[in-house]
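In order of appearance the chains are A, B and C, and numbering begins at 1 in each one.
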């Protein structure tokens, strides 16, 4: 069973979200990292890029798969976790510390799930 | 009738019986009648002896020239004997793409060695395992440079026309606008390039030595492109890189070229070898297979296909290229060639080819009407001259003497010399030309 | 083992190239490279041994059974190699005047003609150098056709979800967007989904038939009709033509264009990843769009001509010509009876091996197959913790190249087995025994399988390390 911290919000496409002031901090869930396997590379947007709700803003690669990461909000990339570019293994080791981007000026926010709602999504996918 | 099926008639019956069938026809029952074909209009099969005679007969209908003074994208060089023996080994010839690293270390290591050699030749950081040919390498190189806000390609008009055509085909379908620069006295003018560059230019493709054999002013062209924020894809002849400044030294971002001169026969155009190398920053945009070094569970050095998440079998419609099979055996051929001749040998091939071309240009200049077209330009092993008679007529008269003359281009002749064109061959050529022109 | 560069000793000279017999050319110093490339310097004897050692670590068809599904690793006849090595072919310059290369032009013309007969097409180009390249060319035919009619709305290519990854990748390169249609329970195209997917934006459909699960789609005529009625064209991916050649032709199934893999169906060797040859063929109405030059016969002479609305070149010269020589030799050898016999035996061998394994391994589809079949290790994975990967790696210790793993994507824990027609019944029997022993071991000693292979030059390589910290060239000892 994967780790789903109660204090975070989630999407059905396996991103976690928390807020830091008016910033939205976005990462990949434990479930996502464990289904991808060892992550070998991550392609991130640049600071200042626009992200759109429901659209992919990053690619995460394992040896045999690649997966998009979808933004639950529309806004502007305020910060990028550069540490992941050099060490993508952080995404496997501590998915809830290894945030990908922080988004400012959020205009639209998609439907977010609480921990229980997200757990149901994971259970359905595992079945 | 020829066949490579081991199973005997009896064995086939037994196999069918095991399946509860009586004939192989029943295996095709699922095919609707309208899609069935009951006899193909093909000739009857042949024994090995008959087919060898028939196909050899086709080979004999071709003319093999004693002396070849034609290049223009395909070059006749000496092929060391060891190149042929190594690359005809059945293990290498009959292997598939090395997906199973544990039983493919031979192929994988040879590609790793090839990648290293291509990096050394071009002065680049990373090479892929090859693409189909030099023209496709140029096209893929240009497509590697696409950015969201920069998607235009500028092509030097001095590039090989077939390379230009392939780049245009690849760009057209991707919706990439292509601008072709004018030719200025056999070379590319930096002013023309500056005028064509814009904020939408993704890259500039320049080939040096170019189609006319001329060495472009790469320093100036690269500087102009980079000033405008565009990348440079440089096409190079790999033999010339034994001697001449590398794309890496010029500051190009991507180096591409036709690897055929590295041990592959003319073969009427193929199989050839597209090589591609780039700077580290562009590594993950490089198309096609790439071999990397790693270790196995016991810490032994091992080689694997790597960075596969770039490729079509994982990324599908989002892949930057669709390439899977490339020219692995040709890459091995190039690698054996480069190891066989070594750095001194490669330099000598380059020097002798250039020396022969310059000798021939000098001799031809003494024949009335064969003036060098681009006099002030330095050239490698090809050059364009005027021709006072019909170039096709001249070539067919030369052909009668076993000589393949220069290629008729723009009313003149594009000549090529390699290390195989000896002084005697060139003197004979010039004598023959004088005789034909005197008639 | 050592790399070429680690065997290098400065000053080991070659004697391959003679000294120059004329004065050296003088170049401006600014045009010269600063330092020589660090190419290896090796005595010929050591160079030969280096590659002998590499060869001993390479599994080819000539070393052992190679049932790699979808890749058609059939025997590569030696006479093909001998014909392609004739100096009358290898010494011919591609820009020689056509009258001095009549034999080469005839090879291209004859190969095209024979392949057209086998596929039911009218014209073909030999320019594409591999299957994916042929796909790209075929799709450009479709693109050019629609554009020539002023129909700019047809921007979508329909691809089944079971398709090889090159299909969608080629469609993107050709400027299309990809619409994926699901497969039905029998592994074929879901007809209802296809009906819903087609429309005025449909440029065409790409289909492999037999498909990637090794089954001939019995609804093929309906499929191509639905696409045609919507105004789209049908593209045949010839990857699996080896199963039906001589029995069914894509042209008769309703396809408008095709590509072939000469390095699969027509026995030319794969060379560890190429050179291949991927001719693209089409019906007459698409011929004007083919790449040029093409060859035609005028009385007894062969000449080049340029198709009137050509898409332009996709490669220099006439493609991988010497590969075409090998394929031509093969087709002439097999001939009228041999071509359908080869495909019939490919199908018989596959069914025979499948029958031997069924009941032990779960087959993805419980029906007669064509030239290949797909097994699923899902049950073993769940019950014994043994994956398709473990079975594949264990086969290496038996001297057998594993089947294709984890493809097609629509089958979990897939192993795709393609024995080809050139294997004897005893080879198939031995392979079946190996498969069954591995399954037995999965029950008694799964750990052994997790550690497989045990008798190869290396064990399983660390692919994660290779991808996380790429080392893509030798560093000459300078980290």
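Here is the rule we use: contacts are C-beta pairs under 8 Å (C-beta built on N, C-alpha and C of every residue); 3 or more make two chains touch, one makes a residue touch a chain.
In this text, all values refer to a predicted model and were calculated from it rather than measured experimentally.
S.K.: Measuring between mean CA coordinates, which chain is farthest from subunit B?
M.R.: That would be chain A.
S.K.: When you average C-alpha coordinates per chain, which one falls nearest the overall C-alpha average? Tell me, please.
M.R.: Chain closest to the assembly's C-alpha mean: C.
S.K.: Does A-B or B-C have the larger number of C-beta pairs in contact?
M.R.: Most C-beta pairs in contact, of the two: B-C.
S.K.: Starting from the mean Cα coordinates of subunit A and subunit C, work out the distance between those two points in Å.
M.R.: Each chain's C-alpha centroid was found; their separation is 38 Å.
S.K.: Express in whole angstrom the distance between the two chain centres, defined as the mean CA positions of subunit A and subunit B.
M.R.: 44
S.K.: Find the geometric centre of each of subunit B and subunit C from their Cα atoms only, then give the gap between the two centres in Å, rounded to an integer.
M.R.: Their C-alpha centroids are separated by 20 Å.
S.K.: Out of subunit A, which residues touch more than one other chain, so two or more?
M.R.: Within subunit A, the residues that touch at least two other chains are 40-41, 61, 63-64.
S.K.: Multi-chain contacts only, two chains or more: what residues does subunit C have there?
M.R.: 463, 467 - these are the residues of subunit C that touch more than one other chain.
S.K.: Name the residues of subunit B that each touch 2 or more other chains.
M.R.: 307-309, 314-315, 318
S.K.: Using the touch rule from the top, collect the residues of subunit B that touch subunit A in their complex.
M.R.: Against subunit A, the touching part of subunit B is residues 284, 307-309, 314-315, 318.
S.K.: Residue numbers of subunit C touching subunit A in their complex, please.
M.R.: 406, 463-464, 467-468
S.K.: Looking at the complex, which residues from subunit A come into contact with subunit C?
M.R.: Result: residues 38, 40-41, 61, 63-64, 88-89 of subunit A touch subunit C.
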